[in-house]
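What follows is a pair of complexes built around chain A, which joins chain B in one and chain C in the other.
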Partner chain A sequence: MWGLRISSMLWLSLLVVVLLVLPLVVTSRFAIDIFIRILLFAFIGVAWNLMGGYAKQLSLGHAAYFGLGAYTSTILQIDFGISPWIGMVAGGVVAMLASLPIGALCFRLRGPYFAISTIATAQVLMLLFLKFRDFAWGAEGTTIPNLGNAPLMMQFEAKAAYYYIALGLLAIGLAITYRIERSWMGYYLVAIGEDEDAAEAIGVNAPKVKREIYMISAFLTALAGTFYVQYIYFIDPNTAFSFNISVEAALVSIVGGVGTLWGPVIGTVLLETTSALLQSWLGSGFGGIQLTVYSLILIGVILWRPTGLLGVFIEAYRRIVRADPSKQAALDG
Partner chain B sequence: MLETVVQAVINGLLIGGIYALVSIGVTLIFGVVKIVNFAQGEFVMIGMYISFFLSSYFGIDPLVSLAVSMPALFLVGLCLQHFLIRRVLGLGDMPQIFLTFALSLLLMNLALMAFTANYRTVHTWYSDEAIHLGEIYVPVAKLIAFVLAMALSGTLWVFLQTTDMGKAMRAAAQKPEVAMLMGINPNRVFAVATGVSLALAGAAGSLLMPFYPASPTAGQVFVLMAFVAVVLGTLGNVRGALIASLMMGVAESLGIQFVGADSGLIVVFLMLLLTLAIRPSGLAGGGAR
Partner chain C sequence: MAEALVIKNISKRFGGLRAVQDLSFTVKEGETLALIGPNGAGKTTSFNLVTGFYRPDTGSVSVFGREIVGLRPHDVCAHGLARTFQVAKPFGAMTVLANVMTGAFLRDKKPDGARKRAREAIEFVGLTAKEHTPARDLTTIDQRRLEMARALATDPRILLLDEVMAGLNPTEIDQAVALVGKLSKRGLTIVIVEHVMRAIMAVARHIVVLDHGQKIAEGSPNKIVANPDVIRAYLGTGYVHVATPGAT
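Now for the complex of A and B:
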């Protein structure tokens, strides 16, 4: 047991070193851009996975919090000159507060209808931001003033800086997941995910646990929103509340493996790498091919391995490490 | 003022008939197979393209092409049930939601690659016609679509009430285990329910074609509307879905008229959220689980 712990610690530190050195070795802006996308969407996936994976509350409306985070920090920055670093946290708090009424409404439904009602909340927010143009620039959106190299305003000349921020966010997300996984809350979440009525029968306060995990998940998703608009220097309702964000958050977790620490990360690496490869092979002019491949991957994973691909990797790893001849023979035969 | 309201209500009711076809399809699959079909809108879209191509290559009127789109989508439904949905039954919500969700993405993007994002329209002799009743006018194409949609919904209701297959479906919807004990073959019932549901979506597509442009994403509005209607009208309840769809058509139309052209959906979603706040079990009562 202890031995396994040490070996996984070794692997983890190796991974951290590689990730830290990566932007120093790979200097192509295109490659770094892909790395940033992977880190960011892995982080969003991790945030989604806390609620969608462990407690199996399938939200398809996490764009609501992504967008609220993005808009809060941008409004604070442009209208009040407040640094996005502070805006990021403020956005997280706004998202947390917003998750309370949204959760109060949506948690009245379960399963697929919970998912549908979360879509509705994200869409309502998007439509509101489209509608009230004097409040937040309406449909045209706005560019974020480029201040050159201003680390205090979360703006950098070097792309690598954004890479490290995204890496930091992902590390925070994973650390929080790791802590929760090993706490009472983690067990409550899994119990709710397995069977909510049974969990309540043995004394789990399901509404409270769901409310709390939704707040944490919303907070983290909002941080990603702030980071994203700072990275692309632009915000409009269709970007910030894009349904694709909600989808991608859930998608990466499902492909990788819901309710696991590393599932969303594995899922993002697979999907984003595939999409980057497709784009470089086919060019971006080929509309539709990327999502076609995404959906085929998703259908394949669901039919072949509904618990996600993480399990496949773990099995493969064990097989290589142990090289158990009897199992090997069974697999060959 | 009064005319404006009446006009908006009529427009809403007419489009609500189409929403009803889509929502009845969604609620039928949900009631019988216990699956939420996120791809229902894409089958509407396929119905639209079937009618579009039949019209542009062979000059067949979209209303006549109902005779092609409905059976075609019925067969697609049988295959969908047999090759995909059957494999995820009993696996829990997550694989089920994301299977149909992935299917929706797949169909939409295949359509994008095959047909491009261009809007396709079919112009029929009745596309621009309207019946004038004083200040009120009723577009003929929408009126025909509404009447046929109501006729199809009525036919489905009679089918569910009187035929053996219909009764088997309702039995499977209420108590699947007991239905099986009574000798009902669930695979067959599920396949027919999915087939009928997709045929309704195909019909909605064909009926829309004379006044609504086809595009790869055309189905999305309808599926969103259908979901709201299905929640409002109590999950799995066909009559509830029908009434809720008509109400939503009206609410959307009043929203467009009095709040602004882009506000139809806001009104509809707010209706959903309000209903969840006040009557989470839907307007017709019953369990929301």
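Now for the complex of A and C:
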């Protein structure tokens, strides 16, 4: 209905095999780095999409949760020696708890006002971490102590290990989305996104549903934050609470198709690949030319296909299937 | 017969405007009551007050003996009081079935159970053929049918219908009247806001007339059409003597 209803397990298993084998075949560190970025941002997009896509609550402040996840696990690791694997979950819980007061404030507003207020929450958190130096290293940030190959502390010499963690996160995010999409919650989210009053009138507790999905979304985003600082071995407020994270989370979903299972993944593959390739081709030329081309591509996609690229693929698929009546039944089922 | 919906002295002001003043009426279980009045009389506001979208400044509303003032709309719905909107509000991106299932989830959180309930409601309003149509592609009357099916799927005991016949052609009005009659036969208590007099006469045996937020008359259809206050409210003072000679 909203997701890609091509329930052929064959394609999915093929995709999984390719993704699992990929780092064994591709050995270029540059390529693996791009893959990791794609998986990570696809995961952040999937987390954002639960709230921003299905329930159409356009948050531009998900960096708040990314940063809280990153800082929680880093503080636990450096100050208390606790493994980032545990810190990751702790960060998720901190983000979940933070989403309650933030949601209570921001959900009073609707539409663009909601979006602006979420930007403010991420900025406020960034400023707090900048100013309170004793608490978490202030503007200088800190490097994460390199322990060599320490899987229990989420540190690996092989880049492929990070790839598999990111892949695992994305798989978790997609599985959660899949479950939610097919349950009452998925229907309630779309209903709230379509018309909150009409949803309330038929028994949907809109504030509660929004609060719950915001908590899930914040939790997942925080996991990405922990992973990211472990991957780059560095944290400071500008990295952890970067506005770019918030924008990217929304952008990959919007380009790929909001409120769809695979939309954020497709959006990230397109945007990250384009951006990486442009950077390596044009990066040494005129200053900023790669950003200009990137922006033009973005404008093109949004003008040409405002519902996202997934819609294009589904339509193309339908057209092919319609030519072959024997496959039509499979599509409806 | 039991009292299904008891509205006592509810009032609502918006700034200086008294939208509803001291309104009271009672709907008995199983009856169909029509709420009529000129534009701006406070009919839709009354619906919003009863269903929790607005909170009355004063007064009480009870559903089968339970006070519901102060409850949020979804709680009111859970108490068995469902409504439709004057301007239909379908979830456009969803199919008809998904729309109605969303309502059905109130009573059954399992998709299979909700789907079954939803299909029953869809069949009841006669939309089965369009089950998989996206709601935004429906015609006006089908959108109204969808609204009724969605409300019905929440398993209400009382149904508030807000101008379900506005914008329909005469044939469609007959269909809608038949549908309201069918709902009533099913045992539902119905409150209907309507402008189409032909429809009101066909479905309601009890009418409440509002003007400027106040109840100006209440009674059977025959009594209402002869009531000088009602004629004054609808047509102006000059017409009163025509309908009831000597009344002025």
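Quick note on the criterion: the second predicted complex is superposed on the first by the 299 of 333 C-alpha atoms of A that agree within 3 Å, B and C clash if a C-alpha of one lies under 4 Å from a C-alpha of the other, contacts with A are read in each partner's own complex, and residues count from 1 in each chain.
The criterion applied here is as follows: a residue touches a chain if its C-beta (ideal position, glycine included) is under 8 Å from a C-beta of that chain, and two chains touch if they have at least 3 such contacts.
On a predicted model such as this, the values are computed, not experimentally measured, just so you know.
Applying the stated clash criterion after superposition on chain A shows that chain B and chain C can sit side by side. With both structures placed on the common chain, the touch criterion links A:Leu105 to chain B but leaves chain C unconnected. When the two complexes are overlaid on their common chain A, residue A:Gly81 makes contact with neither chain B nor chain C. In the superposition on chain A, A:Glu200 makes contact with chain C only, not with chain B. Contacts of A:Gln123 after superposition: chain B is touched, whereas chain C is not reached.
In the superposition on chain A, contact is made by A:Ser295 with chain B only, not with chain C. Judged by the touch definition given at the top, the superposed model places A:Ile254 against chain B, while chain C stays out of reach.
After overlaying the two complexes on the shared chain, residue contacts for A:Gly148 are found with neither chain B nor chain C. Once the two structures are overlaid, the count of chain A residues touched is higher for B than for its counterpart among chain B and chain C. For the pair chain B and chain C, the minimum alpha-carbon spacing after aligning on chain A is 11 Å. On the side of chain B, the complex with chain A involves touching residues 30, 36, 84, 87-88, 91-99, 101-103, 105-106, 108-113, 116-117, 216, 224, 227-228, 231, 235, 260, 262-263, 265-266, 269-270, 272-273, 276-277, 280, 288-289. By the touch criterion stated above, chain A contacts chain C in their complex at residues 1-2, 182-184, 187-188, 190-191, 194-195, 197-206, 259, 332. Those residues of chain C lying in contact with chain A across their complex are 51, 53, 72-75, 77-78, 82-83, 85, 89-95, 98, 101-103, 105-106, 109, 111, 114, 132, 150-151, 153-154.
Residues of chain A that touch chain B in their complex: 56, 58, 105-106, 108-113, 115-117, 119-121, 123-124, 127-128, 130-131, 247, 250-251, 254, 258, 286-292, 294-296, 298-299, 302-303, 306.
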